[in-house]
Amino acid sequence: MKKTLQELAYLIRGEVVGDAGLKISGISSLDDAQEGEITFIANSKYLTKAKETRASAIIVSNKIEGIDKPLVITDNPYLAYAKIVTFFHQHPHPSKGIDKSTIVGDGTSIGKEVSIYPLVFIGKDVTISDRVVIYPHTFIGDGTFIDEGAIIYSHVSIRERCRIGKRVIIHSGTVIGSDGFGFAPDGNQYYKIPQIGIVQIDDDVEIGANNTIDRGALGKTWIKRGVKTDNLVHIAHNVVIGEDTLLVAQVGISGSTRIGNHVTLAGQVGVVGHIEIGDNTVVGSKTGVSGSVPANTIVSGYPHMPHRQWLKSSRCYPLLPQMRKVLHKLEKKVKVLEETFQQYTEERK
Amino acid sequence: MKKTLQELAYLIRGEVVGDAGLKISGISSLDDAQEGEITFIANSKYLTKAKETRASAIIVSNKIEGIDKPLVITDNPYLAYAKIVTFFHQHPHPSKGIDKSTIVGDGTSIGKEVSIYPLVFIGKDVTISDRVVIYPHTFIGDGTFIDEGAIIYSHVSIRERCRIGKRVIIHSGTVIGSDGFGFAPDGNQYYKIPQIGIVQIDDDVEIGANNTIDRGALGKTWIKRGVKTDNLVHIAHNVVIGEDTLLVAQVGISGSTRIGNHVTLAGQVGVVGHIEIGDNTVVGSKTGVSGSVPANTIVSGYPHMPHRQWLKSSRCYPLLPQMRKVLHKLEKKVKVLEETFQQYTEERK
Amino acid sequence: MKKTLQELAYLIRGEVVGDAGLKISGISSLDDAQEGEITFIANSKYLTKAKETRASAIIVSNKIEGIDKPLVITDNPYLAYAKIVTFFHQHPHPSKGIDKSTIVGDGTSIGKEVSIYPLVFIGKDVTISDRVVIYPHTFIGDGTFIDEGAIIYSHVSIRERCRIGKRVIIHSGTVIGSDGFGFAPDGNQYYKIPQIGIVQIDDDVEIGANNTIDRGALGKTWIKRGVKTDNLVHIAHNVVIGEDTLLVAQVGISGSTRIGNHVTLAGQVGVVGHIEIGDNTVVGSKTGVSGSVPANTIVSGYPHMPHRQWLKSSRCYPLLPQMRKVLHKLEKKVKVLEETFQQYTEERK
């Protein structure tokens, strides 16, 4: 499949500078692109590399000097790249229907144009909406609702009564709706608190591989529209994650914490329970968030602090032994000064 | 199903103050409770909220002033809540027998009143005891023993020869009995050491979702009675976890470490191998335990230290740049003092 | 099965001192070994323990005084132990063929002497080579290639077009080839970048349980020969891991990072994206690697620093409150000295 530069420019709302009729066969990185392909410059630091690419055309945000290849100029070349990759590589899931080895419980309704692969287990009173794709070895518990166009990869467990929104993607091995970690101390032992809530995942969320999202103790654990999680992320019971928030790999969020919209938690961040993180906040990797964080801030460290402060303090950390040495030296010097001074004073009496 | 306040009080060994015949339909939090439901106050800081709840009765540890609703007074309202939730919401797993799509190996014995869902794989010479529940897509390896009343959720792997105690609950995606991480250096390469031990999980343990508990290299990895693990916990080969110990989400424990009874490891804690953590010890979140820890202590930080010391030090951390500045200033001032002093001394000669 | 000491010595290229005809029934640790078994001393600190072992023979690196049991002397007793365990405990996977409950797609080719357990899903155009073992509930996507002698445990997902080398072992619950975490900002929302690359795992790699290894955005994520990963390890898209490198449990590596040969990343290490870690480097547990690391170094801390420096600084950390107190005291003292001095100077005028 080839497309003209003009057609691709239309797709990404860009403007062609050069031969608009040029045929393009695909998109690749500056280094890997071959003749006939288009590439992109998402960051001006790669401008020099652009002169060496074998690509036949380049997506850029500004006209660049010294390159006589056709260009497509657009505000956001990285987004343009994403759209063109999608265009060349989208594999629509053709409807496969329901494999005969799949188990479907009583009272379950299944929509149109679904693809339900072999060896899937679907419980009772489940709703599978139109165009849903469910890969092999997936478990869907009783009463769960899966909205239109959701894609559930292999080995996902979605337990009873959960709600999965439109176009949600859940990667392999993820567990949705496991019991929250709730126990009441009873002497030295622990008494299990039944976890009777649910998990609700809104539209256009993507959940990475081997995540664990616990059901609410009461009420719900709620992942709002547009959230994206990376792999091995843990979300405890009754957590609320705001719209368009990113949770990078191995993040863990404790129970009942509320995270705002458009927040980013970088890799291996841990967040204590029962706090709030405001909108648009960024939390640096490995941070331990130990209390609520206001909106529009950047925090790092453990306990967390403003990111700039952490940067400065972390630069001092390797200097600690030297600081300690200086401190000892000063202590001695000051003592000497004080003593000598004392002598003088006495001599003067 | 409705119960009188008197019946609920009997269940939780509490005492009714007010209308003991009041009919109660369920239990919910202070905020969410509706008329006809009971709620609870587990922490005195919620006393003021109690005046606004719509609940028809309240479980408390002491009589509260200014509220004319019926009360149930009990030592441990949180435990009472757990017991009442259990009472209203327990879904006994009715025996479903063995689904015909499940594979059962030769020499395997299966007890009474079990529920073995579809698409389960059970190997050879396995023992499944009475009232065991096994959800779909679970793998039980050859020679494994599962004791009475255990509940194994979907996608759990329990490899060969492991032992699972009475009433153990294992959440989805957890792997029990994978090979420990054992390799002998052979020049620059690594030679795999066969992991020929087992995992033994004692009675009343609950294991969260997507845990990994490796089998012993020799001997066993041993999770003792009443242990509760959260999600994404890693337990290496030959680790021993004492009774009623809690491992919060994303904890990792290295090989051959022994953890005492009634210990709590908070979220994202890492523990080195071949050490001991004493009974009743609490390890703060994200702590790196780098050596043995005595009983009855609280530790935090990396390397770990007494929690109070860590709290104080972590308050100093953001002040490091300021401390460094002061140190430099003092260095200069002392130098000036020394030099001037030196001059004086010389002048006096 | 019993073997003479001479036969075992031949296997490990060792030299017998004592009765070479002694029959040995197995191998065990110093503490656990029984009469008739052999044991080993991998570390000289266990020499005293050797006098108490019930084992009938000992593998050592040097002749030991005061023990009159037969010895086998070899350069590397730990490797010898690994080889003898393998010898006594290797369970060759006898070919079981392909279970009839397994689903095999069109165009898939399956080699000789394979063991494909029940309830496996194998897609279209897959290649399963000779002597491959695939445990139940495994998912193999379209076009994936699995080379000779690989062992895939239960609940592994290997998505489309991935390549698995000879004798690779993949433990339960691991996900190979999930989509990388790639999104282009589009206003406040995120646009998914199709992840069209693959994962390539070379020969003799062992991957632990519940790992997640994402496919390349473009190109490949590449795990080279002899790499061993522990459990719950996350490897992002387009990462390259060099030969014979060890990734301990709960390590996370961000996108496009390149790790050299024979590197060790200890438990819970996090590595940022787009950097390089040189050959033979060791990264201490819980380290946050925030930039490239040269070859042959040891680093720790967050941000990472030379390990020795981190050790020294981390010893100062608990002293911070004391250092701060001293600093305040010195500040006051110096102020007093300056003021008194000032007075003197004025008096002398």
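In this document, chain identifiers A, B and C correspond to the written order of the chains, with residue numbering beginning at 1 in each.
Simple rule for what comes next: contacts are C-beta pairs under 8 Å (C-beta built on N, C-alpha and C of every residue); 3 or more make two chains touch, one makes a residue touch a chain.
For clarity, every value in this text was computed on a predicted model and none was experimentally measured.
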Practice task
Over half of interface residue numbers shared between chain A and chain C means same, under half means different, so which is it?
Solution key: different
Completion exercise
chain B turns onto chain C (C-alpha superposition, degrees, nearest 5) by 120
Exercise for the section: Please compute the C-alpha centroid of chain A, do the same for chain C, then give the distance between them in whole Å. Expected result: 25
Problem - Numbers and ranges of chain A residues touching at least 2 other chains - result: 101, 119, 137, 155, 173, 210, 232, 250, 268, 317, 319-320, 323, 327, 330, 334, 337, 341
Problem - Interfacial residue positions of chain B with respect to chain C in the complex - result: 101, 103, 119, 121, 137, 139, 155, 157, 159, 173-175, 178-179, 181-186, 188-194, 196, 210, 212, 214, 218-219, 232, 234, 236, 250, 252, 254, 268, 270, 272, 288, 301-303, 305, 309-310, 312-313, 315-317, 319-320, 323, 326-327, 330, 333-334, 337, 340-341
Completion exercise
Given the complex, residues on chain B that touch chain A span 28-29, 32, 76, 78-79, 81-83, 85-86, 89-90, 99, 101, 117-119, 135-137, 153-155, 169, 171-173, 206, 208-210, 226, 228, 230-232, 244, 246, 248-250, 261-262, 267-268, 285-286, 314, 317-321, 323-324, 327, 330-331, 334, 337-338, 341
